């Protein structure tokens, strides 16, 4: 930490003293580099942090430059007034370009944003007001009292301060709830929705942020160059910016900056050989995606790994951290029994496959319900319907008195439904603590205005969340793994992290999808202890499970599925005797006749 | 812990404050001192697209300028000083142009030749003006005049002259009134569009069709079909060489047989090659430099050009040659002045060049006439 | 009416080119889930190869085309081989990798052939046909015929040959395909080669129609990709319908909005895709997005 | 949806198939823990167990479809331990994946022909095709339909038919009864019995214990990645431990 503060200080001083070493051309180059760095931070936020492919970043940059140019030269506004209006315009355009992200992702989003960027370039090339291909010249230089910003050296300091603020704000976003949610959405948008992240709003926020960064860079560009023309915002420059972000490392804002600086300098060195520069950076992009997907920012980690493998660097040989004990919740009085979840005649068809057929179920508050059945009998489909991932073909789902049939996952999560996934859906690039923090944050994305107006509030909120996370980590015995990446943990520990994450939502209803899969005997025992303790706090638990011993010992009621239908419902002992259950499992109705009466209390393993 | 934190903060603050203090007393930079030195080579910059789609223009310009400078250097330079030509590649991008303007200023170049792209030149003009570096450009857009920089000079006529001459020939001499236009929305095309429309307007003629295409468009069937419907007597093209060639080629494919008319690009071999030699027959061209055979001076120039570069000279080379000659003459008469004095010397220079007799007015334009030629038998010849 | 029909015909011939480009996009996506953003640049290389063989070595046009197809096929194999480690792992990263390849291909073309490009004379010297006052270039008909033939051949290859069936099987279920003895990697490489070959076909055909230069790949690639998406990404009939749709849309916006045509084309495209993200025929592949 | 009844000529019976020490790990979980099994020439062996016991993982690992550690895989004198998944079929191993995995967008007949991908498509292939059609007349009726449009039972028949097209000497079947109605399960059982009658070796992975006991001679019961019970199918049918493993009682 000390080292880091000192490093930042040294960098700041160096950046401050840099102009003394540069001639009037190089200072101009430095100014352009800073602009690209700001742009790269914006692209890093939307693409690397939020996972939205945005090939219109350079167009947003252009929108702001053009808006400033038009407002100053055509409408006679002062530079700073024009800049403020330009920021509003670019934010609106950013939201517009982001709209397709609500419906599509990945390469679809790529082509649409690219198309919209081309459309914008096409407009400025034609529109009389934008000066056509000749662009707009004579943009007035911005003024500050006592400082002549026409001087590239003073402009450098303006840019440097803006850049420092932009980077600091970006890093602040990344490390506080908003950015965490974005990273969670990037890693797994499904799981993010399930822990209450409002994915659609968040995608728009990402585009909004990108447009702000594009806007800041664009306004500065207009003030620096004092001339705008369509070529500057071409697709070729978009790809150059993309290359900066990829080479630097899209998931690290600092990496984006490093990439922007490195590639700008490379281009400057090869300024007389632009074609070879193009070969060079294209090749570097290909090599980066294949061999170093995390870019320059990921190199230190990779280098350490390599050194360790070669034996040049000592591995951490301390004893591997141990999973702690689960500290049971305080029991609360069991609330009056009422129906908390009512599944009413739900059917779910996938193009001919009838995954659920007229399923009706009621779950009473405070119970532990088991859902069992052979593979492919529709259990997970049921969970997906209840947690909002699927919209049922027919039928309704009621949570208490609320009809939540077609609600989005995050709405359900906010209404008190939490779940885990059969194949584990932890956010792989977030630490264990961050996984919990995402779920703990109950604030809405719309509350993000605080980021602009009241950062200390955001900071305090984040501190409070961290305290809660520490408490939760401690309760689930995960403190030793708080800063580990989920993928590095033993499977059983990952399962527990997922349950802790679900509990971070303080749910009323907890859906566990095969929580015992892959656990050993001791872990299964701990699991049943955890589930009992969770129930004792008044949470209703529904679990899908193949480990029949666990089901028999833990559940008060069991619902049996086969071929998308409920074929039995009752106490474990009752259903285990039911002929249709035995047939569903063993394939033989005759075998059910000599089944001994079961004792439902004993945990087998 | 706390005190050490505070100490560190204080040190950091000091680190920040020191440069601020320095900055307050003396601004960094201030390196424009070396342009007035009186020994060593005379540094002239040539800025043009040496890469990208318009790099052929840049290559021609470079050859014309190089030829002029080599001739002077061979004759002993100016005041015993050799002339050094620095070549910069603007990639046809105005922003690169603004960077280069600062670069040539910081590296002590005293004058600039180029660029061939009006948009790039316009972008560079304010910076060159601030740095007091005279610039002789090959652009011809009326927008260059609108910049009103006392440091900007044109080595040829503007589109207004080209198109006024053309309109005069078509409407007044030939009596053709049914004129269709197809222009692109790029810097050059737009200049042509506006200038030609204005010249027609002055004659009370309204184009029967006015199609605008994008600068990178390659398929014109829609525009040409519309034009064909209107049965024009002549079609005006305002586009660069390659695009003009494509337009003519596709027009002939669609069965349009009337002649085309245009300015300098339509007189180039690139235009004829792209369109196909047979297709350009009869094209009316307004150009200050119809061919290498028009005068003794042009024959001499063409021969020297051929000897040096082993290819035939054409208009852009000739323009750059004229522009460079004017600059070098001004340098000689002013005893290698720089800045304002050099600009004044250029303005005062009268020069009989390949394109005609140059005499600059306040707008920086030195020549106000073009000639009309037509393509006959694959060759551009002066029209009767 | 005549203008309408003439514009339509113009749109159809470019549409045929877009359809070929879209076919390449879709074939590669369908068989291996890769979005090849460098496809447009492969089209450009194909155009250069074809025009170079045709112009400088005076080979017959068909032969020049065949050589170009071979050349780009090789490029396709190289791209697939380099990016193979990312297959089925990181979709977005792979996409960016192909953008990197596109950047390199464009620069290489500039180094080899220069930046300005060249016009390719019409290989079919007969004059245009005159039908009901409409002028139809013979070359347009040739383009349409070849594009149709290519689409038919491709469909025939996929439907009626063992290798074609195997390639489709790989796309549908690569594990079951492995179990019946299909070499999935080889099948993917062949798919990529075919995609690149189609690109060369499109590039070779578009040369005489338009102009060959290093930046042509950008425009053709983006329009072709839009066509593939519009038709339904991964669908063969979708690519063809989408190609013609974009071609005709392009022609009419060029007619009506002149300089603003690109703006209108992409706005219309965005709106259509927002309403129906799976495209016209694209039901089957939507889960991959 | 009945199966054909014409007797078909006996197949060439393959050699013994033996696996030793098969272990599979998925991201830290041990799905299969060092199991060994043998399928004697011309015999059928069942591998049963509750959901999540590791049966499917074991079968997929046998095919080489998932990374595995294995002591030995022998098919007669041939060592298959290093043979790639795509080449297993060339050594006479046919595979019917769990959940059918037919090529949904291709017609039924194309699916079947692809089953013979490793062979030359010639007269012998046509003969195999008519054998399959004889075995499953319904597939012939549907031969031009897309496989994805078939019912679950028909798809299962198609998956088995596809595996038979390679003329295998050993058939690995993964849960052929999954999601099928009892009547269809009977049909599948009849097919398996008939194939066995022709001398085809089979390894049947199933959750449906009854079906497995009736279709096979010997059976292994898996739990937690290990074989916990084995014996003849007749013995196991009446073994109460099977029920306990399944129902947790």
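By written order: A, B, C and D. Residues from 1 in each chain.
By definition in this document, contacts are C-beta pairs under 8 Å (C-beta built on N, C-alpha and C of every residue); 3 or more make two chains touch, one makes a residue touch a chain.
Here the structure is a predicted model, which is why all the values come from computation and not from measurement.
J.: Among the other chains, which touch subunit A and subunit D together?
T.: The common neighbours are C.
J.: What's the minimum number of touch steps needed to get from subunit B to subunit D?
T.: Minimum number of steps from subunit B to subunit D: 2.
J.: Please tell me whether B-C or C-D has the greater number of C-beta pairs in contact.
T.: B-C
J.: Express in whole angstrom the distance between the two chain centres, defined as the mean CA positions of subunit A and subunit C.
T.: 35
J.: Report, in whole Å, the distance between the mean C-alpha point of subunit C and the mean C-alpha point of subunit D.
T.: 43
J.: Measuring from the mean C-alpha position of subunit A to the mean C-alpha position of subunit B, what distance in angstrom results?
T.: Each chain's C-alpha centroid was found; their separation is 51 Å.
J.: What positions in subunit D touch 2 or more of the other chains?
T.: Counting only residues that touch two or more other chains, subunit D contributes none.
J.: Give me the residue numbers in subunit C that touch at least two other chains, ranges are fine.
T.: In subunit C, 110, 115, 259, 261-262 touch at least two other chains.
J.: Please output the residue numbers of subunit A that touch at least 2 other chains, ranges allowed.
T.: 122, 125-126, 275
J.: Throw together a list of every chain pair that touches.
T.: A-B, A-C, A-D, B-C, C-D
J.: Along subunit B, where are the residues that touch subunit A in the complex?
T.: Contacts found on subunit B: 8, 11-12, 15-16, 19-20, 22-23, 27-29, 31-32, 51-52, 88-89, 91-95, 98-99, 102-103, 105-107, 118-119, 122-123, 125-126, 130, 141, 143, 147, 185-187, 189-190, 212, 214-215.
J.: Touching residues of subunit A toward subunit D in the complex: what are they?
T.: Residues of subunit A touching subunit D: 352, 374-376, 490-491, 494, 514, 517-518, 546-552, 563, 576, 581-583, 585-588, 591, 595-596, 598, 604.
J.: Subunit D touches which residues of subunit C in the complex?
T.: Against subunit D, subunit C makes touches at 162, 165-166, 168-169, 172-173, 175-184, 284.
J.: Under the stated contact criterion, what part of subunit D meets subunit A in this complex?
T.: 26-29, 31, 50-52, 99, 149, 175, 177-179, 181-182, 185, 207-212, 240, 242-243, 246-249
J.: Using the touch definition up top, name the residues of subunit C that touch subunit A in the complex.
T.: Within the complex, subunit C contacts subunit A at residues 35, 37, 82-83, 85-86, 90-97, 99-104, 106-108, 110-111, 115, 218, 222, 225-226, 229, 233, 259-263, 265-267, 269-270, 273-274, 277, 289.
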